[in-house]
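Next, two complexes with subunit A in common: one pairs it with subunit B, the other with subunit C.
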Partner chain A sequence: MQTESMFGTRAESLLLLQKRSRVSMIWKVIFIFATAVAVLFLLLLLISVIDSVFGYIVVRNEVEVSALVSGASSLDELSRSQLEEAAKNNLSSGILRRVESEKPLAERTDRELRSLIEQYIIKPSVLKSWGLWGSITKQDEIGAFMADQADSYLIFKSWITPEFLINDQSANPLNAGIRTAMLGSLWIIAITFLLAFPIGVGSAIYLEEYADDTKLNRLLQLNIFNLSAVPSIIYGLLGLAVFVRALEGVTSGAIFSSVADTTANGRTILSGGLTLGLLVLPIIIINTQEALKGVPDSLRMSSYGVGATKWQTIWSHVLPASFDRILTGTILALSRALGETAPLVVIGASTFISVDPASIFSKFTTLPIQIYQWSARPQGSYRNIAAAAIIVLLVLLLVLNSGAIYLRDKLSKKKRMAA
Partner chain B sequence: MTQRHITHPFGKKHRLHEQVIETILFLCALFSILITVGIAVILVRESFLFFSDQKVTLVGFLTGKTWQPMIDLFGFLPLLNATIITSVIAMVFAIPLGLFVAIYLAEYATDKVRGRLKPILEVLAGIPTIVYGYFALTFMTPLLRSIFGQGTVEIYNTASAGLVIGILVLPMIATMAEDAISAVPQELRLAGLALGGTRIETTFRVVLPAALSGLSATFLLALSRAIGETMIVALAAGAGPNMTFNPFEAAETITGYIVRISGGDVSYNSVDYNSIFALGLVLFIITFTLNLISRKVSSLFYQEYE
Partner chain C sequence: MKVMQATEVENFEYLGKSETVEKQKIITLEDVNIHYGSFHAVKDASLPIYEKQVTAFIVPSGCGKSTVLRSINRMNDMIRGATIDGQVLFHGQDLYAKDVDPVLIRRSIGMVFQKPNPFPKSIYENITWGAKINGFKGDYDELVETSLQKAALWDEVKDKLKQNALQLSGGQQQRLCIARTLAVQPEVILMDEPASALDPIATGRIEELILELKQYYTIVIVTHNMGQASRVSDNTAFFMVDEGRTGYLEEYAPTEQLFLNPAHKKTEEYISGKFG
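For the complex of A and B:
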């Protein structure tokens, strides 16, 4: 029997084979491990955000509620008249005058009165905060910290509250909210859509349906791919030089004689929206092209076959057949714009705004910029509201994306029914 | 209508609006060229203003090891150095990991597992970079500091920023590399297996070499993305140029500098204002070149098999 081969004896070959399959096994484990690590990062990311949103905080009030109305331990217990009384007696005359001129105390709701008293009289401040994990595992540390503190109390706080969504910005993390930032984001997205959607879909139709394989058209295509990979901060520089500076008359509203804010100097919602419009334009073009490529040629041919012109074919057959995918692609591009920070910081979005944007010529701040500002501050409790704002941003993105998927499914079902 | 059809039964009717629509669509497509031209013109023009300032010289800019606009020193090497450090850390971390994930998805995972994992990668890719910045600052930095010691690792450091940029580009590398690997014709795999290769031998010696150009294109694009990444370094890498090779020290990158300077109130036509455009030009040239090479490399791949 021939057991010797060029690879050695049979036993040696078997040994080699075992070794090879062992190596194979080890690599497979490495691959699975790598994939697990990638998934782990997503989990860690979410956990680290959620961890900061809930937890114990130590609060110290400048003035206790019991000092305002004897016997009361929280503002919620006070009656309407007690609230008004407390506000009148304890606000300094200057603040009282300003507050009264904005809106008389008598006309304010109970809730507004409570937040007024909290903001100007009680003035709570966070001494220390723990994350969710710390709150559970470091009970001893929290206890030791509390033992050293007089006049302060420990509460378990969720930093995401309805007030957080509707309050405007504040220097105190406990009162700060993201209303102005969310409104700013929505305005910006609207402008971005209005600029990028028509031009983007138009370009894609030209490139997919009209363009012959000429040098110019190949250049157009290459250029779009390159633009989609240009760092977003470069778009910020473009926006700064073009929209904020060169076109200041237009973007500040001066030539329409509707300047919303004389200090905006072109750093307005319009500038921000246009900048992000340029940023997402290549993405919308590429996504729309993909959608148009998905339309079978037989559809075009049958349309031509019954005598339709090119535009009639595109308008009544190609676009309806690909509309669901164009829409999804656009929403994905807009969600990129919603999370974009760097270009808006470069064109000079304002960081502290407590008035709602009134028009496209207003100064603005957006959700990601808020997160950036709050994260960059060293004090602990700003981290907490940054995390809360991140949750809001992620939920918005989730809603946008699942909305896109829902619309796509609904539209394509309708299409199938019609077919 | 019918009348005209009878007079010209087969003639092509001239329709003005068809022409108009095509022209409008063409102009839309031209608009993207306008963006590129706009970027180039503005960066070059403002950079020209920057270099025509008597305090600035091109040689000093390219070779100077100190960036201190206050005392008129404009050497961009410390900024470039920090950009390179963060990007290299990101790539060293993300390329092997991303490649392994891609191999697993393309060669090993069942359809069901792949169907579960790909959406997770897409979710990771869709998270705004500012969230990654927050993650770097509140998770990665404390983690590094507890591993290597509070004394060695500064609060702001390029290692933390680089690692998190790696996490950021990981899903991009994984999905693009998976596409490249899946595009390798099945015949090559079968041939490798038929010659007696194990699955891993076939993957490493047949499939990956065949996908090499697609993979290199992916890595170049990821590198370009890492170099241009802004918010992570702005939050975690530190504010202030620092010529150091120690990844545990704070150092400002090109993008970090641009964001910090433009975030404050800079007056137009000052050297500071012009300097961010000069640095933007550097950034644009680097990333644009990488993108172009990446596209060239990946088009090589398609010529091979199609």
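For the complex of A and C:
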């Protein structure tokens, strides 16, 4: 071999090759290890959440069903008339009056009656709860605990139930649900989208397609990058100062004279949505700019070449070619907004409301706020419903993100095959 | 530098054959200098372009080869940092005058690019889009058919006009780009190495097409390929680069004269393959 002198003997080459392969292998192992650790952490997160959502609980009822209607062991066994009877006879007069004025008993469904009776008469409370793992492994402990309990019973409970999704908040974790929080999250996300999408895409188009490469524009660009890295709580403080305080007249709806009776000053859905809108604005701008950069210049040139104006070029060629990526970036930014807690805490999201938001001037709570509130409470069963709410939030985020991926695939396929 | 005298009618005599060619100037470059930021890309280019003839620009690599071409329809406006001095006259009107809208120029002076770049839309829309935005009032089906026929593509695509243009072969795509340019009825077509991304057969078809089209249009083509220039063009502008990588016009003459009897030594060396 002509190059042998320069690269050493064949034996030396083989030895070196062995060494190089070994180093290569070591790096591969390191990367696999890193991936494994990441997956492990994610699994731990998921397991710890799921562990809290299922398990045995010991429930004690203040009043047994059998005391309401003799011989009955569950509310499901009662007939319509028995339910109404039980409610009328056992509710205190004050509560009965309030309940009747909200919606007369006779007009309520069986299901509503049952939950009314459970909430105000039976008043079940959780004495003790075990996680999924504990329920499986600590059978002895559970048995020993139950042996001491006379008037309580053990049930295996899934904290995620259809009722959990449609109930509003309650002081009793067994009855509490996340309807109000989910609606709050959806309202806020809608406002966020309405603010951030048009402004974000608009400024990205200006910066990418129109702006000259001047010092000022470079400074602008740098600041947008910086803004996207600003901690979310700072946006919360900004929102508090600007939307809640300075613009209170607008965000509370006072100047539109459409103040709902639930409204307390400027701490409304509008303030929350605008604050999160500001938070995701730089992210949407950057994502959109990246999407526009991905459009080949040849496409723009071919459009100019047949005598198109700048706007015709952008509208007919640049945006259709980048729309899938703009949309994906926006959805990912919105899913970040959906999970934000700190800025909403700062601008004053409600911690306990059971009234659904009715307009952008309503008070609100959101899923992450709810999770934060519940997990901060000392009673054990709040941790269970916090975990259940986490699962709902994760599923919501998963749906959003897979929606983004689906849309991107579908649109880019359409782009390639467009007819 | 030898610049051909720009008289309206000239007599050319080459190979003992004498013919009178009527040559109407449509575009004139006068002392065109192009800069990209601090880089001097092209200096002092002056030459006439004659109506309904093919003018080839032979430009060695290195000095932004399509730069001169793009200055003719103000495509350089799109390139950040590009500035141009001197005059480009189109029918005697300076294209760089303040009151001239480049959008209008690009309709009259169309462009075909090095890499085929049809719109990612149907073949039909590729033809109609340019016409539509320019306010075309006629029959679109007819426009599509005549444009594709002029570009020698009609027979191949007439049954699949709704198909995406990107599904065509490279050569077909390039002819579609030519048809797209024809659809807005330009007077001049600038072609930036239109065949360099194509195989020899597709290249041959493009060259035939150019010869066909010059009956109706003025064509300016940039090429590296000496053979191509000699096959399709009536006049050839031969550019060189100096030590600072700045392009300049070395020689401009009728193609046959430039190839068979170049006036400049550098031209001769380049043509005979001694460098370049």
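Convention: the second predicted complex is superposed on the first by the 382 of 419 C-alpha atoms of A that agree within 3 Å, B and C clash if a C-alpha of one lies under 4 Å from a C-alpha of the other, contacts with A are read in each partner's own complex, and residues count from 1 in each chain.
The rule is simple: contacts are C-beta pairs under 8 Å (C-beta built on N, C-alpha and C of every residue); 3 or more make two chains touch, one makes a residue touch a chain.
This is a predicted model, so every value here is computed, not measured.
Undergrad: Using the superposition on chain A described above, determine whether A:215 touches subunit B (first), subunit C (second), both, or neither.
TA: Neither partner.
Undergrad: Between subunit B (first) and subunit C (second), which does A:321 come into contact with in this model arrangement: first, second, both, or neither?
TA: second
Undergrad: In the superposed arrangement, does A:224 touch subunit B (first), subunit C (second), both or neither?
TA: A:224: touches subunit B, not subunit C.
Undergrad: Quick one: is A:298 in contact with subunit B, with subunit C, with both, or with neither? Answer first, second, both or neither.
TA: second
Undergrad: Touch check for A:309: first (subunit B), second (subunit C), both, or neither?
TA: After superposing on A, A:309 lies in contact with both subunit B and subunit C.
Undergrad: Quick one: subunit B or subunit C, who's touching more of subunit A?
TA: On the superposition, B touches more of the residues of subunit A.
Undergrad: Across the two complexes, find the residues of subunit A that touch subunit B and also touch subunit C.
TA: In the superposed arrangement, which is not itself an observed complex, subunit A uses residues 309 for both subunit B and subunit C.
Undergrad: Over in the complex, which subunit A residues touch subunit C? Could you list them?
TA: 212-213, 296, 298-309, 312, 316-317, 320-321, 415-419
Undergrad: Tell me, which parts of subunit A touch subunit B in their complex?
TA: Those in contact with subunit B are residues 20-21, 23-24, 27-28, 30-35, 37-39, 41-42, 44-45, 48-49, 52, 198-200, 202-203, 205-207, 210-211, 219-220, 222-227, 229-238, 240-242, 245, 278, 281-282, 285, 309-311, 332, 335, 338-342, 345-348, 351, 368, 371-372, 375-376, 383, 386-387, 390, 393-394, 397, 401.
Undergrad: Report the residues of subunit C in contact with subunit A in the complex, numbered from low to high.
TA: Against subunit A, subunit C makes touches at 73, 75, 78, 80-81, 103-104, 106-107, 110-113, 115, 117-122, 129-130, 133-134, 162-164, 166, 177, 180-181, 183-184.
Undergrad: Applying the document's contact rule, which stretches of subunit B touch subunit A when the two form their complex?
TA: Subunit B residues touching subunit A: 15, 17-18, 21-22, 24-26, 28-33, 35-36, 38-39, 42-43, 46, 96-97, 100-101, 103-105, 108-109, 117, 120-121, 123-124, 126-135, 137-139, 167, 170-171, 174, 198-201, 221, 224-225, 227-231, 234-235, 255, 258-259, 262-263, 265, 268, 276-277, 280, 283-284, 287-288, 291-292, 295.
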